[in-house]
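First, the structure itself, so that you have it in front of you.
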């Protein structure tokens, strides 16, 4: 069994930032949320503007709150903007529907949390999240 | 090194309003925020409706919070409205994505604050902000 | 007739800060609101923590919104805490009921705006506000 | 000069949690904010209920926003409950006025950020924050 402990959340962030450094991404904010959508760990790199962690959190929150990646939510928002508008309202404005919010799935497939990253392109943000999740022994739900 | 002091913020506003007077802009509200998005100084001219300084603050806040001008945020909002809708939510409804919010950069290129102006056309608002920023010895990030 | 113009609001702030400098007050935030409770001008001195202008605004807003100084509102809050609790709610949490929020009255006695100051002791904050109001040709409502 | 980088914020959290482990404190949440009150890093230990990091953030936010420790804010709240009720409102309900929110001061005495900790007694929370701040080469403002 693999629980999403603080130690694992820290590993996710560490590896995501290592990948970002290797690929010369811009400064990132990385957030890891638990299954209830509550923050376990967060790091914002030097030079990342202060709204970046709110954006990262909005991607991660949407993912775990709705049970699908923020990429999928973004597609839904494009296809049905009135749905996302309603969702923005009932969530209290806590969801950012663009790639970079990825589900953390355990071996049984259950979503035990999510990662949100913001700072570089949405695709790069997402790639860093996937790297971190997999390095910690989970499966990434994109 | 040039810090964004109150004296410099007052200079930015003074010169922005002088340019506006010279070019016969409509009454403006001008706000200067620090690097954390908190107000240093604000002036709203006689005849500017009372929401003008909130609009000016929304332009300035978006710029410093996201590290890019409100002009750039506006372009992003047009291209990806679902992203901006999410951003509006996580920011608590504090961002106005139209030109007139300009970053204040120091000699090292760091964003030390932002200026937001509202009252005339967005392009004129932005031009007044740039004039003020440059007169105070900073570089304008448009 | 003396309207509360931006020029007069700037004079109020200038004189309030001059008095503060003369008496070696701690760094202040000074806000001037119009009769509708909307900001005309604001200055936060170097070294004043970032919540100071919100506190100053809360004093000024309470004064003009209720038609009495924040000192009088504070006395009411002490005597009838349930009343202030309700007032905090209906105002949207915008009122700070301690001295330093002073009405700006014109020659006819009408409240044309208010000043709020925060940073030193409440009594000193109020004294600076009174000095600014009187220097601009108005009567201070304490 | 010592800036409050992400690396230093991580050190603060690491040492605070090491002290907590050594003294067998209950599970903690630790938050480090920058000078603008924005999160740089956050860790919530396994077993800490999910509101803990909001409490930690409320202590840290109050400290940096008002320029005094959350211990001092708590004393003010006890002496003048109507002032704190107003402050709660203008801050948008973001301040927790009990010990555990400590200013991070650099060599010049300037507040460059704050730490908030919640999970054990308020005094122990504060002691862990002080340990972390000092280990990172800063002075703790209690």
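The first chain written gets the first letter, and so on, giving A, B, C and D; residue counts start at 1 in each chain.
What we mean here is this: contacts are C-beta pairs under 8 Å (C-beta built on N, C-alpha and C of every residue); 3 or more make two chains touch, one makes a residue touch a chain.
Owing to the predicted nature of the structure, the values given are computational and were not obtained by experimental measurement.
Counting hops only between chains that touch, chain A reaches chain C in a minimum of 2.
Taking B-D and A-B together, the chain pair joined by more C-beta contacts is A-B.
Centre-to-centre, using mean CA coordinates, chain A is 30 Å away from chain B.
Between the CA-based centres of chain B and chain C the separation comes to 26 Å, rounded to the whole angstrom. Counting partners per residue, chain D has 34, 36-38, 92 as the residues that reach two or more other chains.
Arrangement of the chains shown, judged by which pairs touch: an irregular graph that fits none of the line, ring, star or complete shapes. On the chain B side of its complex with chain C, the touching residues are 5-6, 9-10, 34, 36, 38-46, 50, 53.
By the touch criterion given at the top, residues 36-37, 64-67, 80-83, 85-93, 111 of chain B touch chain A in their complex. The touching residues of chain B, when paired with chain D in their complex, are 34-38, 92. The residues of chain A lying in touch with chain B in their complex are 48-52, 54-55, 57-58, 62, 74, 77-78, 81, 84-85, 88, 91-98.
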